[in-house]
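Each chain gets a letter, A, B, C, D, E and F, in the order it is written, and its residues are counted from 1.
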Amino acid sequence: MRPSDRTPELLRDVTIETGVNRYAEGSSLITFGHTKVLITASVEDRVPGFMRGRGQGWVTAEYGMLPRATHTRGRREASEGKQSGRTQEIQRLIGRSLRAIINPTLLGERQISIDCDVLQADGGTRTAAITGAWVALRQAVNYLMEEGLITTDPITDQVAAISCGIYNGTPVLDLEYEEDSNAEADANFVLTGSGDIVEIQATGEKRGFSQGEFEALFGLARKGIGELCVMQREAGARK
Amino acid sequence: MRPSDRTPELLRDVTIETGVNRYAEGSSLITFGHTKVLITASVEDRVPGFMRGRGQGWVTAEYGMLPRATHTRGRREASEGKQSGRTQEIQRLIGRSLRAIINPTLLGERQISIDCDVLQADGGTRTAAITGAWVALRQAVNYLMEEGLITTDPITDQVAAISCGIYNGTPVLDLEYEEDSNAEADANFVLTGSGDIVEIQATGEKRGFSQGEFEALFGLARKGIGELCVMQREAGARK
Amino acid sequence: MRPSDRTPELLRDVTIETGVNRYAEGSSLITFGHTKVLITASVEDRVPGFMRGRGQGWVTAEYGMLPRATHTRGRREASEGKQSGRTQEIQRLIGRSLRAIINPTLLGERQISIDCDVLQADGGTRTAAITGAWVALRQAVNYLMEEGLITTDPITDQVAAISCGIYNGTPVLDLEYEEDSNAEADANFVLTGSGDIVEIQATGEKRGFSQGEFEALFGLARKGIGELCVMQREAGARK
Amino acid sequence: MRPSDRTPELLRDVTIETGVNRYAEGSSLITFGHTKVLITASVEDRVPGFMRGRGQGWVTAEYGMLPRATHTRGRREASEGKQSGRTQEIQRLIGRSLRAIINPTLLGERQISIDCDVLQADGGTRTAAITGAWVALRQAVNYLMEEGLITTDPITDQVAAISCGIYNGTPVLDLEYEEDSNAEADANFVLTGSGDIVEIQATGEKRGFSQGEFEALFGLARKGIGELCVMQREAGARK
Amino acid sequence: MRPSDRTPELLRDVTIETGVNRYAEGSSLITFGHTKVLITASVEDRVPGFMRGRGQGWVTAEYGMLPRATHTRGRREASEGKQSGRTQEIQRLIGRSLRAIINPTLLGERQISIDCDVLQADGGTRTAAITGAWVALRQAVNYLMEEGLITTDPITDQVAAISCGIYNGTPVLDLEYEEDSNAEADANFVLTGSGDIVEIQATGEKRGFSQGEFEALFGLARKGIGELCVMQREAGARK
Amino acid sequence: MRPSDRTPELLRDVTIETGVNRYAEGSSLITFGHTKVLITASVEDRVPGFMRGRGQGWVTAEYGMLPRATHTRGRREASEGKQSGRTQEIQRLIGRSLRAIINPTLLGERQISIDCDVLQADGGTRTAAITGAWVALRQAVNYLMEEGLITTDPITDQVAAISCGIYNGTPVLDLEYEEDSNAEADANFVLTGSGDIVEIQATGEKRGFSQGEFEALFGLARKGIGELCVMQREAGARK
């Protein structure tokens, strides 16, 4: 029995709001139950040093969590003077996931910076961030095309993500915090709209887990990501 | 003529939403036109080292701005590895303003940490933060009293803040960004509900300004803060 | 009764020595009673990145305090690895105050860096630093004019500063440390030679204070700054 | 055709030397072809703050790479003043992998710190580090048991790791640098001696990849890890 | 011929002022020609962690240079966020030199922190700092004895320092900046009042140098330090 | 009697292995008894900013110690976020020592970076690093000459180093850790192949020491460095 009484293969309520920042070229506010992530996509005319002069674009991401996004207040990374290893790991994952569905040559020599800030956290913030970031990126690219700055769409596919885990011995979809912190194993899946694997991160938290268990998690993820892709298309198409 | 067609003594539309964070003991989302600040008040059982063992409480504040809160994306302070001088100056001001209306002995040996995060910035973020922070603090103290953790209300008054400035030669209330960046002088006023001065910061931006101009700004501020105090009382009293 | 037996409207003994550093283009050692601040003005041929290519100059300031400038030894900021919020707030104030009386176009594309280092602190270090910095800046600009590097004087006015406060219920001028740490309110005023406001920072330390009290402080500050301006002119004119 | 002429399912030459540090309680030098990682396991009598007082032990890991471990010299993280996101990600992975096969209660309230320093890098440094770290940990635990400090073995299983990838369209085992930097996808597998999953990290580098491809990589990893476990047992049993 | 027309074995004019800081337990301002170093000795009741509980005291030193102490303005270490390698090397040397003539048991479990801040630099700042620091330490210890906090003098000898170098092929005493930056070799000698070696740091700057040259430098240093010791005794005995 | 039963004038067993890193242009692994230092010399085509455009080369050095190189595990400087004063002091010494025997004009506008990483420490790591670094540098320069990138050898002499100290009242050569930590005085000598002084650092650890004692240490150092130079020549000449 899940804390939320969901059946194992059920997502939480997911909403994707767009146009939530009046300055950003693309933006979204994505919620998975009590998890809320605010995402902006900012178009900048320069690329990082290692990409300069190649005629190619770059997509990068940063991730942050407000100090009281969580049950107890955490320390503010800006006042600590550094980002935690966890933060860096997550923002690297978001960036890789988005670059997997961008043709950098079609983007031209410009950078799109994705900022994912967690306003409230109840598990699954990194997968929510990836799923919502695709929508913000979609809108920023729409802006570039409407402005005539690029002519061919550089987005080659959708990309979305979900977490799964083994909770009380049962594989379940879309872990909330209470499940996540007690799961025997959890896995984050990042898949394209066409079902290809972009990234899998699977971890045995309390014990190793079997290949059969892994495959059950993978199956749940496929189902969930399929549903998320429908919502992404609808949100990304909004004016 | 102001960019927003407001008359000189008019506030922008102000809204104060409460209960916007499910974990924090108090929270508010305050908007002044396009400026939006999310505030949480977190009760913690320990006080900073320099306050330990005195039987007194402490109220402190931290301030941050999301990278794309502004017209062009700014750098994330957490990845820069330090808070700017501006950020530190603002969070010190917020903390001092709130401590001015708290009786630390009645609070008991606990800390209330106020986090003010700017989701969108169009001028006046520090004064919005102070005004909204009083509401979040009010609710956190209500929580402590409802839980029976403190018996006498340690909040001795309201505190609210507004910016004023001289724009095109005219003293105006509640500067938005376009006014702020072109003002000849600006001033932030922090006053109590009973009209006492908690803090004044007045700066000639393009030229020195006269005592008469200063007094005109002070008069506008009194009017604006009076209106804000009405809204604060209404919001602070919500369940 | 003040600890020093001064009447409320009396400055401490103030001295301004010049030519105290043989390398700097301008320098001064200013004392207010036991407070001693050593100031150098260094002319540099480059401006910060955000000013480059505009044909305009820049004046900036840094502030520091020797570890044993105070009653008990403080930590050395260089070994701590960062400047405190207080230090940053003060050096930003000094820089703004000086830029208020400089015509950047007449200065030409060069920077004058003002270093204010507190050798001994007994209250009022930031206002002493501003007052002494004008003298060091005056001498550095004299040097530029004597060398024929600029032809029209870019300094448009004097600027000086003083602190006031309410001590035992009485408004008093030029707080020393013992007064400052027990004041009910204090205020720093930065005025031009012609009496315009450059900056006001007023803070209720123990309680809010009334507009009447504020005006009394302002009146004291006008008197004190008038006296400081006389001393500045004499010191700035020295060879 | 692989650069080394290996068949797809072949490991590089692997060696595990033990007793390579005269001070550490356990140590190993593991090589996979030209990749060389020096590992020490240090027993310390204190645990991190969050573990104190629980009567349980902790295993943690740090990872570093000598500046000229790679084809061109990289910057030294100690002089840079911070560890890269990649370094933090890797050392977190090593720590989690080892904690998966340790019973913390049997270890008692002490910490074993694993230091993995890459002397030379030719791909696969993180998986080599995990595989060699188990041997160093094994020897450090043997030391604790021989000294009579613990009586029941806290190591519950072996843990080893290998990378696989799709190179020129073919799934291959144990990528060296030239393969790794040109792979279409790569995956790191961390499995226990009994074949359970501890961690999977799979990434599409140039394209998404299919579930079938993923399964082929998993099969190769099982085979390779089986061979590594034989070598680990032999090395861990040495005096 | 030396830039200052001094003969090779001549010190610059040296002065040692005492009582230059009204808060510090001991203080001195030492000048060697244009080099000026302000030194305070601060008595603190706690010792560093590694010394706690031994009933012994500790003497430590910190060194800094004001940004415009030198011909061209250097960067402020506090705003840089770290002390340079040179700064750390110098402050470690000053601390070791003073600990060589202190009996830590007689000092009791307290720390004396020596702060050496260079107001103006013209070569020889580290040796001036050591020589002046002994005087500040002497006065701080006198204070402890006068207050009855310690009964037996923990200072076992004097310690003073001087630089020498080979300039235009000639061994000379007490290098000023112009000589120092063109010397073929230089050496800093730290000797006790009784002539024992506390520290020698000798460096060939442009070429290696011979043992005979080294001995000539040593002879000059003995002479100079003898003269400095006379001045130290006079200054240290002042009330 | 020395802990190792060596006579006072005897070096520990010294070995110098070359070609220990397949990527570096020069490399060596030097051992003095249980002290082991791995050294690489990396040729880079750019020089530091302050050397640019002069047509001259630069040799620099960095030094590090693996956390468990020592009897008890030390903290990793990369995770601490800074290099200790000791580390900086040592790497500055190594760089100066090597620059003393390089003609920068013959090297051409390129940098050789020397990385010295201590794998195991039993005293004398800095002197071992200098001695081994000459061999790595020798090989890197041989590479540049064989590749035809430079035509005249920029290495003007050998440079080697050894520590000596007064242990139980007796001057002894090549201190191991147990001796070093109990020595009354120690000294590091860096001499050229032709016997000139490059650097001397002599310190009284427990007491000042006499000129006669210093001369005895110098004599031992000359003998030891003579033996090291023979080994260097043999190692540097290897293919």
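Quick notes
Please note the rule applied: contacts are C-beta pairs under 8 Å (C-beta built on N, C-alpha and C of every residue); 3 or more make two chains touch, one makes a residue touch a chain.
Heads up on the chains, UniProt names are A, B, C, D, E, F = Ribonuclease PH.
Note that the structure is a prediction, hence the values are computed from the model and not measured.
Steps from subunit B to subunit F, taking the shortest chain of touch contacts, total 3.
Common neighbours of subunit A and subunit B, by the contact definition above: there are none. Any chain that touches subunit B and also touches subunit D is listed here: A. Checking A-D, C-E or E-F against A-B, more than half of the residue-numbered contact pairs recur only at C-E. Among the remaining chains, the Cα-based centre furthest from that of subunit F is the centre of B. If you lay the C-alpha trace of subunit D over that of subunit E, the rotation comes to 120 degrees, to the nearest 5. Of all residue numbers used at the contact between subunit C and subunit E, over half are used by both chains, marking a mostly same-residue interface.
Rounded to whole angstrom units, the spacing between the C-alpha centres of subunit A and subunit E is 59.
Centre-to-centre separation of subunit A and subunit C, using mean CA positions: 50 Å.
Centroids of subunit B and subunit C (each the mean of its C-alpha atoms) stand 28 Å apart. Residues of subunit F found to touch two or more other chains are 81-82. The sequence of chains round the contact ring, opened at subunit D and continued through subunit F, runs D, F, E, C, B, A. By the touch criterion given at the top, residues 82, 85-86, 88-89, 91-92, 96, 100, 157, 185, 187, 191-192, 194-204, 207-211, 213-214, 218 of subunit D touch subunit A in their complex. Subunit D makes touch with subunit F in their complex at residues 21-24, 27, 34, 38, 40, 42, 44, 62, 64, 66-73, 76-83, 87, 113, 115, 117, 119-120.
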